[in-house]
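Labels run A, B, C and D following the written order; every chain starts at residue 1.
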Amino acid sequence: MIVGRLAQTALVALTLVTMCFVFVHTLPGDTALRIAEARGGSEFLNVGKAREIAAEEGLDRPILLQYGEWIERIATGDLGMSLVTRQPVASELWNRGQNTLILGIAGWLASYLVALPIGIYAALRPHGWVDKISSFYCVTMASLPSFLMGIGLISIFALSLRWLPPAGFRSWEHLILPAATLALGLSAFSIRLIRDTVREVNGAFFITFARTKGLTASAALRENGSRNAAIPIVAFAALQFAAVVDGFIMIETLFNFPGLGDLLVSSMLSRDVPMVMGAGLVAAVGYGLVNLAADLASLALDPRLSQRGQ
Amino acid sequence: MSDHRIEFQLDEIADADGHRVVGPVSLRWEAPGDACVLIGETGSGKSLVAQSILGLLPPDFQARGSVWIKGNRIALENEAALRAQWSTTMALVPQEPFRALDPTMRIRRQLMQVKGSDDRRIDAALNELDLSPSVGKAYPFQLSGGMAQRTLFATALISDASLVVADEPTKGLDEARAAQSLAALRRLRAEGRSVLVITHDLHLARQLDGTTVVMKAGEVVEAAPAQELFANPRNAYSRDLFQADPSNWSNGTAHAKAQSKTVAELRDVSFGYRVEAPLFENLSFTIDAGQVVAVTGPSGIGKTTLGDVLLGLHRATSGAVLWEGIDIAATRGTVPRLRRKYQKLHQDPASVFARHRTIGQHFVDLADVIGGAKLKERLDQLLERMKLSARLMERSVNEISGGEAQRLALMRILMLDPLLIVADEPSSRVDPIVQRDVFELLGSLRDQQNVAIVLISHQPRVVSSFADKVVPLDTSGERA
Amino acid sequence: MTDISRRTVLLGSGTLAALLAAPRWLEAQENAPKSIRAIQPWEFKSIQPAESGFVLNRASIAEGLTALQPDGSVVPCLAASWTASDDAKEWRFVLREGIVFHDGTPVTAEAVKASMEALLPQARRLSAVHIASITAEGKEVVFHLEKPFGPLPAYLCDYAISVYAPAAFGPDGQVAQVISTGPFKVDAIELPRRLSLVRHDGYWGEKPVVERAEFEAVANGETRANMALAGDADVIMNIPTPSVSRIASSGTMQVHEVINPRVHALYPDCGKPQFSDVRTRRALSLAIDRTAIAKTIMRNADLAATQLFPPVMPDWHFDDLPRYDYDMAAAEALLDDAGWVKGPDGIRSKDGVRFAGTIRTFPNRPEMPVIAAALQAMFKTVGYELAISIGEASAIVEAKQNGTLDIGFSSRHLAIVPDGIAVISSEFVVEDSRNQSDTGATNWRNEEFDKLCDAYYGETDEKVRATSRRRLTEILQEDLPAIPIVWYSQIFAVSDRVDGFVNDPFEQRLYLDRLSFKA
Amino acid sequence: MKGGTPMMRRMQVVSITVLAVAASVHLILPGDPNAQDLLKAFEGPSLPHPFGFDHLGRDVFLRVAHAAPRSLGLAALCVVFAYVVGIALGMIAAYRGGFVEAALMRLVDLLLAFPGILLALLLAGFLGAGPGPILLGISLGLMPQFARLSRATAGQVLAEPHVEAAEMAGFRTTAILRRHVLLPVIRSTLPIGILSIGGAILSVSSLGFLGLGIRPPTPEWGAMISEMMPYISEAPVQLAAPCIAIFLSVLAFAHLFTTERSTAVAGRPS
């Protein structure tokens, strides 16, 4: 299973990177000119300079050859140099990837730290006030685009109250607003899922049967419910974590956060082919690893999966 | 009142609108180890009775009455008080063991959860119920249905309960496993636990030999010790019910025609799913027109799969299936024509009708293969013959009774003018009376239309009274 | 049941505390000595002077032989003085005494010569100069030119040929390390966004007041405005105009505004049938309500362009040039004259050619797409149908190359070389070796203009030069190869915490070295 | 839409009304949403112009109203496209099984791994700004969930005896899929499909906000928000109007099918 997942990840990564490559090359516009603009700014652009860059970086060679070379290099673990900054792609990806990972984990963790207690409480007291308020919260949050949430948080906490910085990433304070934006969006869905799952498990017959063995309601739920509820919740949480990649582009743009999403967009615009492919590779591998982690977690939680082979 | 006597007096169970749905019912266990058995068809309210004693009625139902146990009187209205008895004085052995067991917890830990449980008691209980100690290390999904059922008996055995309520303890189990459940119930009684058994398995009721209560439409029609009741039922419904039991069917129908025409043949057929060991190997037999061939064997041995291979729904791993002498794998051209002549009567007759469509639409579909004119003609004929109302055609499968579904399913097959019908456990999910009906219909088909019937069943009692030929499937896969 | 949720809450808050306590590596940076933080919009993608030199100069890291003062005058910098031969073909620059590079090595004529020679091939604007050779003679750096070239000191302000130490160059002749002579030296570079500066204690001039400075690129204007509102930096450049009043009233930062030597102008393809007739270009110009655009979009009525060069370049700005009028009726009359007939949909056409096209612009300067939208409505009134395409600036160059450009809408800095002739020749002179930009006018040619430009370079008589400037601007005003819309003002937000801010309209330097924290 | 509490039914009626009004109000409003008068820029709300004027002096109410059918229509079209392709793929995968199923589902996984915004961004670069890339980008992002869900449902339905019975009667594959599988698949996926329209509105407006939406000056909510963002203190009503429009229409779609579970199901792994 793990091997299968890894193979699948490799396949997805290769396809994704290939798609990135094909896309960047089929995008309208002159690659060399774009790179010239990215290097030297939008004024005094010069076609001659672009031709020099094309010759220097080998952009005028056959596309398949360039692709083949990239694949060959990647096999040796070398991601190459950025066409724009002329710095190693790997180190840039490492810096940006770290930031994005920190942001992702912070936002994701925060959302579950909020969602778990609220969701569980709402499930145990259906139609109570926590349930009602959280339902309202979920519907509201799910109806707001993430950029509006981000703008709202910036307006309140950075501009009006001036508690937190509005942009950039220089200290952990810079992390709070983007992570909160992420967390608000994620929790809108996770609270509902946790509530529904816990309610369903709590209503399962094996909980009732456990109680006929003499267990109290809370003991039955704790002993027999927690693991059963954890299985779908963990799977969903992992899916959400993998899906935050999408949110990064918006959030990193909004908060001027030096992360992977921002890098991907800007290198796409400047046609920095090795950087785009590197970022695509990291995104795909990251996605695959998160899914692998989810599989492993399910494997650990659900004996039906782990014992089947025996 | 003696401390050992248990008495249950249910005045009524009312639904949300206050209408009485069950009652009155009164049961009593004079001495430890006594048994009461509630029998009756589906919908007779016997399960509600069991739920009311445990305080487990569905939210909209309300019971009135009381139970005396260990010298205390507990009102049935007081669910909290009833629940306080769980495990200490009352225990439940539910039906559908896989819903009752936590799928993510090892059996031993689940047994440990029983109040007052310890290793010694668990080992003793497993031992008493013929379960190996390794069962404790297993997860529920690793157990067979029978083993799972017995682990539920083990929880009752481990508890201190003096009254054990067993709900349909043999449902879905083959004969051998049903016998194990019976043995478990006897063990409980021998240990001095009184038992209340809810079942539609008359055999079980008779074997358990306790006070037997027959219920119909929420009311008790007759109650008497088992021997007395079975020997001499006084109520008309009870008599009907007992008559319908396969063991009471009149044996040897007027069937002795020696038809030479072979409808289907299996030649050295083997089948197995990819990685697993083959279900059966080198199986050969023929089926003649008008013949009833029974395929028997314990659950999970591959009887249904054999039927599917015969019907061309699964492809044999090796060997050949022949329809009227034509290999269905080799000759693609003629098979489509024969296709509709080989049909299957499903285990759950209602399931052959999609819930989202009316019954009639399913019949109209058949115009694709038999033509519109023929469809109309046969439909009218068959409705009359099956004694079914044309109005049923406008309903969906949720709106018809089990008996009607059974007849409609059979009628749908007859529309296709079949040569062979594979009847897959045609009796397992229906009440005895409906079950008898089906067999009568199948019998008349064989006699009047010369249809070959392959009967798949795990109930040798059913088979022996009906089949011309028996193909027992067991691990060796030998033919009869 | 409650004990479960309570437990989870406890567990949750514990983890949250751990999470918040974890990034100590981030906190460490906060404890560093107080430094000035400056924000500007342009990311620096490389350290090559020709590409990102503007950042290195703006951050007071790199310097050239000459420098441009905020008042527009060219003054000595690394060169203490200079002299030119009478034919303006030999220029001698005498270096200041005792200057050292950031690495402590002395600035010698040889080092300057080597730096110049290494950087010149990339410094495209300098190719207008036709340098035959550079020699180092004692304390003097001597430029030998092929043709007379009057404005050389102004050209030497170009950031592309600032002076870098010998150790700055790698074996391939490219700059590998930023080692120059400015008041700040580089502490760390994180391309493309962050530059940490530290005081260059061996600086020849007045040394910076603060020891450290941070120089950061934030491309999004909205984000810069937010940072200004939150007081998240000391100097923020390019505040988007809509946010100015908000920042001013919030009181966290002071707003400083100054008109730049910059213009936002339309570059129609004069080869297209729609624009080959000068009347159509004039008509479109007449249809533009520049005052309204300046007022509502730029928030400064003074920015309505009356000619190409703004008043901040007095040599090239002539108050008495005829202004651009806003006159819809005159515009319509001109178009009628030129034979463009209005169709039933209100759009004109002539000989089957529709009076329509696409304007290409880019979002780096956020007001430009907005201006384009305003133009769309204005042009529609006179019968020109405008579609808007927003992309990268290079898309304009590319469209120009493959002939698909209708109208380019660009922003142009007019004084990277302080003498306006540099931008004029590179934007409007076709087939000239000095034309090193492909962003200028399209398919426009004026022989008189070309000749005047050519003569201007060799001319040393200031009187003749002034007449030429006058005539050159007149031609641009009449023939409209580019239709100026608005000038541009640089808007800074400056923190109340700091003193000594210098507002340089030429955007050459931020003068971080003059800033100090208030006591 | 059967069942549900009276409260839910009321919410459904309100939702349908809100959406119907949003989609049609521009038909009865006179005036050109792109007409501008720079002198009126930032003029506040008045009775004939309830949301005031934007930075170019355009009537914000008119623009919000004219953007509605486009945003809603585009979002609905994205979902319809994704839905039709998704359930077709899901049903084919479930019916054919084996290699076809494996290949189709890996394709779906691949799309899941690809961030939707990035895809739209790429496509916008490729096809130019406009509805085309939005449609493709968002549809391809939504399609996997429909394919997965419908494959799961179709797999279950195909295992039911009525399908086997139909096969034994010798019906054609298309007839079986149409009669026996399609409706249950639609029943199990349609609520999520309708809920996704809300999500698609969010995506459309996000792309508009990033400047990838419909070409200017055509009004679009997300683009209007990004245009008005700098003027947050000067023109709060003009900024709030498109925000509220997005919020209400997404909310309306969320309430079209509110049951005890459906809100969470939309984002649930299958």
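We take it that a residue touches a chain if its C-beta (ideal position, glycine included) is under 8 Å from a C-beta of that chain, and two chains touch if they have at least 3 such contacts.
What you see is a predicted model, and the numbers here were worked out from it, not measured in a lab.
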Top chain pair, ranked by number of contacting C-beta pairs: A-C
Chain centre separation in whole Å, for chain C relative to chain B (CA means): 86
Centre-of-Cα separation between chain D and chain A, whole angstrom: 22
Chain centre separation (chain B, chain D; CA means) in Å: 48
Intercentroid distance (Cα basis), chain C paired with chain A, Å: 37
Multi-chain contact sites of chain B, meaning residues that touch two or more partners: none
Residues of chain A whose C-beta touches two or more other chains: 253, 269
Of all residues in chain D, the ones touching two or more other chains: 128, 229, 232
Interchain contacts, given as pairs of chains that touch: A-B, A-C, A-D, B-D, C-D
Contact footprint of chain D on chain B as seen in their complex: 311, 313, 336, 339-340, 342-344, 346-348, 351-357, 361-362, 365-366, 368-369, 412, 416
Chain A-touching residues of chain C, taken from the complex the two chains share: 1-5, 8-9, 12-13, 15-16, 19-20, 23, 26-27, 29-30, 42-43, 45-46, 48, 50-52, 54, 124-125, 190-193, 216, 218-220, 223, 226-227, 229-232, 250, 252, 362, 364, 391-395, 397-398, 401, 410-413, 416, 426, 436-439
In the complex, chain B residues that touch chain A: 54, 56, 83, 86-88, 91-92, 94, 96, 99-106, 110, 113-116, 139, 141-142, 155, 159
Parts of chain A lying in touch with chain D, wherever the complex brings them together: 8, 11-12, 15-16, 19, 23, 26-28, 135, 138-140, 142-148, 151, 155, 189, 192-193, 195-196, 232, 235-236, 239-240, 242, 245-246, 248-250, 253, 261, 264-265, 268-269, 283-284, 287-288
Contact set on chain C toward chain D in their complex: 221-222, 225, 240, 242-243, 245-246, 289, 292-293, 295-297, 363, 366, 369-370, 372-374, 376-377, 387-390
